[in-house]
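You will see two complexes here that share chain A, one where it goes with chain B and one where it goes with chain C.
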Partner chain A sequence: MNSQIFHPFVLPFVLGMAFVLTYCVVGLLRVIGQLSKDDRKKFWRSLVTPKTAWANIRDIVGDCLFHVKIWKRNPVLGYMHTAIAFGWFMIIVIGHIMLFTLKPLEGVDVEGFPRMFTNFYYPIFFKYFAEETPVFAFLMDFFLLMIISGILIAVVKKIHSKIVGVKRIMHFGFADNMIRFALWTIFPFRLIAEKTNIMAFWWLYSIDLFVFMFMLPFTRYMHIPTEALFILLRHAGLKPREPRKGYALAQIYSCPSCGLCIDACPMSVNDKNSGNTSAYFMKRLRNGDKEESQRIAETCMQCGKCVAVCPVSIESCDIKMSQREAVPYAINSDHSYLDAYESNETSNASVLYFAGCMTQLTPKIMRAMKQIMEAAGEKYEFMDKDGGVCCGRPMLLSGKTVEAQAMMAKNTELIKKSGAKRLVLSCPICYKVFKEEYQLEGIEILHHTQYIDELIKQGKLKVDKNGTNYVYHDPCELGRAFGVYDEPREVIESIGNLRKAKSEKELSICCGGSLGSFKLTQQERDEITANSVNDLMYNNPDEIVTACPLCLKTFARKAPVAVKDIAEVVATNLI
Partner chain B sequence: MDFGFCLSPSSHVKMDNVDLTTFNRLKETNPDINTCIACGSCTATCTAGHFTEMSFRRLLLMLQRGKEDEAKKMIQRCMLCGKCTLVCSRGINIRKILLDITR
Partner chain C sequence: MKENILIIGGGAAGMEAATQLHKMGLNPIIVEKSEALGGHIAQWDRLFPAFHPAKDVVEQMLDNVKDIKTYLNTEVTDIQRNNDGFHAVLSNNETIDAKAVILATGFDVFKAERKQEYGYGIYNNVITSVELEEFFRTGKDERINHPKKIGFVHCVGARDVKVCNTYCSKVCCTTALKQACEIKEVFPDAEVYTFYMDLRMFGLGYEDLYLKSQKDFDVKCVRGRVCEVSEDMDGKIVIKAEDTLFGKPLKMTLDLLVLMCSMEKNKSIDAIQQKLGIANNSDGFMQNKDMYLGMNDTAQEGVFVAGACTAPKSLPDTIGEARSVAVEVYNYLNK
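Now for the complex of A and B:
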């Protein structure tokens, strides 16, 4: 303890802190200012709604301090983050609590140096200026060592990432490397300074803090202050509207470039394509690299796996969509020819089946559906027997939202006119758009996996049990998008044995055929397919079963065993 | 031979004064365009082709012959559904080409 209340070495810290606080306040105002009027209203309202307010507190503590989501994926990385974030948080909190234990120093002119000012840096350099009571001293040392243990793991991860179970890590530029070095050394310096009281280390500690805080806004570490704001905005139920403004901007700064989505992304099978993953997309956006971020946005398959694994829940797929929507096109679609199209069928069917474009290309699924509905004695109608109108999702995926409207309006009209109360779809691509974009009040929308599962459970369909070993592939737009995981599995288990794939459910790997990507070449898609098939063949199944006509067509190119749609499997095993 | 009149309008295209800007621009970003063998699979499955004269095979031909206005009119019919891409016998990324033409 030194009997003084100020020493020049606190200045770097004070400057850095003042800078970063100002930057954050300006950034906060900017993000909120860029929200649309409705979004802003939603945001304010969410802050005072008890349910979202509680979710805010829960997630800010759970995600920002304890990194629950990283723990679930990788406990070592989870510990690393918790040790650093929670440990740091605690020494700041304890530092402030210790202010209350301060006694006025004898012989020091406290009046001339307001307490308010000293309180700014006292918690950070406490040991230099005042005595710590034994309990606090122990807690401070404990958390300081906890942080340093976390940093040790970070150093190991940097040198050899495979030890902590990460294959690909991101490569960073000068600024990111420098701030990381500052972060790694802050706490060892503090420990040495506190234990030895050598002036040089107090200076180094303070300068490190300055470097860290001064560079924070220009590096990935900006995620530390931004993530809390992002959680609030997310719980308000906003959607990114522009790729670099408002809500999207908060997301861009919340991505810590952890790189977990690189290993997860199916495109990464080819190392060359790992630069197309969300981690790099977010980085390009932050750097304002328009051309590259546009290219990546149009390459991504929109399979959603990066979002599923993201520990921060960055909605990178939505941001990519907003980027696609921002492209101006010279030629607009004209689908007015659809006005003249009327289906001549008038029926009193209760179930309407819409095959969609992709199922039109795999007529065996249509035949199987017909067989199943006949066997179940359903009153059904095929909406697009002789070729129908596209559901509109492929057009939406290109970012041309307005131009998809004519198709959607036509389909809505046809469905409503049919009088059916249930709409069954065998294509998850259609299922997603019908569920999310169509206004079909009073009509139940079902995917055929759900429908068949229901028919079997109601006893309307009887199936034969055989000894075939099946593996089920979760289509992205059915599984990750809607969580339909159990129904197809139950259907398959009623017929044969269900073997597990290596990656399942929310970790399932896109088949590679996705309509979400515009830029992937056939060859690149084939690599993705081969990898996905490998993953499915993990337990040597006799047949691959999927629930999407596009997956079916894609897998058929590469699979060593038969690939079938779930409807086919059921139809051939009917009693 | 030119008699000064004819029974049907000439379908003759003078390749010398054809404007190939769009086609050349496309070729640069989509070199696979050159591998089309005009098999017509894309046309046979086309969703929009069910209602209109939309045909990707013909669209390419029009662009190659500089009939840009006709091509522009035709492409407005496309629903971007992607069936053509899935059936293309040469694995051409037709859906991307269709999108690029409208840029």
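Now for the complex of A and C:
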């Protein structure tokens, strides 16, 4: 005989639910408590600012509910995830709406039959307690079957991931495997329980729910409750300051360990290195494995491709940077040489060109830039003609912010004194730091690809069109970092034919020469370079064109065709 | 009928091996891709350590091979093994049947443009060691115009992971000091600097050459790599380097910079090498059977190697190997 309002089998579910809710509330307070005062203020303000509030709603619906980003990346995985997550969400929502329409089972007293949320397990086990109306019955069965279809895809992915277009998947430990097993069985148990009403399955269903919710905080499924919070914090414009606190903590728990970044990571070209990818980094951080997370943070090349493909937009590169900053190492920087640099106050140049260390090592680019600026009749000045001060990015990359600032201050002083209104850089590594870290109000900062594109469009530069087939490599710190994809392509198209690489724009593969990594061996870098070159040679171009002196040097060692900087290509084709 | 031995490459190794095989009563045939025998050594002015004219050695070698069948401007385009040995097709469509093949294909000079930071091909006053030798031989190079200050950079394309060559090129240290002395002879009032990582003066008379460069020619050796080269307003070369003995960075303005280019594997033979089934070693040169007793043997029976095709070698090393390969081939045929 069914009781109308209670049966002991609901207890495991109730316990699990109570546990996970408590954990989430405590966690939420912890994350917000760990934010710095300024960050917290920013966060509260962002919640009431219409623009960010709208972005919050848009992304929470789009990402947490409909998983738009996964659909874009891989439709099969998009369906898999939506079927399970959205299906489950709908079952819960419809279950609650249904509370108002449920009829008591035949021959049972109507008194005490819940109409409100007093017995919150009701929507979960309603079939045991009540009868539903046909429309709702259909909807509930429909979404339940949708979930099970998603689970079937997940099982296939686990057994043979290539069928769903994924080469490498994450390898998990005991807890993650167990909770996954619980998740996979919850819905089949529910289906059997509802259709057969066998008591054992109602128990199994409830225990499965308990296992899932009890283990949730200790596994990757914590991303379910955390992602929404992460979206709010991200839109508030915060930056991770400590690798395991506050904003970073929210990101750590939001990483679903889906492993999409494993295939994307340039290091994965060697399977041995797929453990150095962001998915594993986030997992190590969550487990509090300081040694390993430090090692991975120092191995990463900071190319940003994992961030570009991440369906949750985890800013793993920034977290790795904060991890680097967290470890102090003894270094005595001597900045006394900085005093020796004086600016030419007499110059009346309107364009200041800063070559930077890497372009100093590739003098062809400097020479080409000189030719281009002469041809365009620009009033220019080479800022570091006789050697200059480093832009500071290598120091920043090693987590030495204070040391970097000494150099940045000197450069800022030199640039401001020069009186120039535009600063042109041919090295994306410099470009990134000048754009992001320097305070140069009133001075326009341009990468030479943008500058040359502008000169051509203004008619100041005339180039000859020839039949050469070029392929363009997007440097990480120009493309993914700033979205400068079109200007270089337009410049190249005005000179020759632009062939496509296999992976382009935000999916472009790092050249392997990145300054970001401290730990990769030359051999490992060579493997990455070879892979990237293969990708560029996909459509048999005559020449590889890039816009970064470091990419240029790296490719030149491995490429079967000539590798040139975009400035060289333009300079040799000037009319 | 005499047995044919196909020798690919008519440089020092090829000529010397042919000479010895000829004396043994065999019939060596030299196939040389360029228009003359002699290889790199024929482009050289004087030899270290005693400034011996290279011409004397080359002329002697040419005289030794004057009765030997030689193809110039010719390459081997195809080669196959048959029951009798090898069947080779040449670029002039002739064919050769040979009992054994000797690969004496030597080396390529490292292309200095690949080390763009040294500015070769960009700045007028940066030249290679090969071009300087050419200047000594012919006295002609308009870039060399009474330089007052001259620098030599060792290990260009050698011991350098960044260009994928981790090996030592063996002869450049001694060559650099030889050339430093010679240029001082031509321009006695010039200051000459060499920038080295180690000075590897390993052979008979080499250390004496070093002492001579210090005592008689006042060559200044600076331990440290040049990292960056640029040009100043007057077209002079400005280098940045580190003096690792003082532990200080240095900057110097020079009138002429000479890059001591390393040896690299001669890649024009790759297709034939692959057909013969010979792999490369970790330095990218040809793999011989072992470095002690099988230095002329390869993984393939009947295919032999001699000279700088297996590793950078000096001229005496090469001649020694050329003679030993002749013995190996002789023994192989009389097995």
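By our rule, the second predicted complex is superposed on the first by the 551 of 575 C-alpha atoms of A that agree within 3 Å, B and C clash if a C-alpha of one lies under 4 Å from a C-alpha of the other, contacts with A are read in each partner's own complex, and residues count from 1 in each chain.
Going forward, a contact is a pair of C-beta atoms (placed from the backbone, for glycine too) under 8 Å apart; a residue touches a chain by one contact, two chains touch by 3 or more.
On a predicted model such as this, the values are computed, not experimentally measured, just so you know.
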### Query
Once chain A from each complex is brought into register, does chain C clash with chain B or fit beside it?
clash
### Touched partner set for A:K553, first chain B, second chain C, both or neither
both
### Query
In the superposed arrangement, which partner chain does A:Y23 touch: chain B (first), chain C (second), both, or neither?
neither
### Task
Scan A:R367 for contacts with chain B and chain C and give back first, second, both or neither.
second
## Note on the structure
Winner on chain A touched-residue count between chain B and chain C: chain B
#### Entry: Partner chain(s) touched by A:Q522 [first = chain B, second = chain C, both, neither]
both
### Message
Which partner chains sit in contact with A:D334 here, chain B, chain C, both or neither? Use first/second/both/neither.
### Response
first
### Query
A:W203 contacts which: chain B (first), chain C (second), both, neither?
neither
### Query
Just which bits of chain A does chain B share with chain C as contact spots?
360-361, 387, 522, 553
## Note on the structure
Interface with chain A, chain B side, in the complex: residues 32, 45, 47, 50-52, 72, 75-83, 86-87, 91, 93, 95-96, 99, 101-103
### Message
Touching residues of chain A toward chain C in the complex: what are they?
### Response
360-364, 367, 387, 522, 526, 553, 556-557
### Task
Over in the complex, which chain C residues touch chain A? Could you list them?
114, 116-117, 119, 122-123, 161-164, 227-231, 240, 251
### Interfacial residue positions of chain A with respect to chain B in the complex
327, 329-335, 337-338, 341, 357-358, 360-361, 386-390, 392, 394-395, 398, 400, 407, 513, 515, 518-522, 550, 553
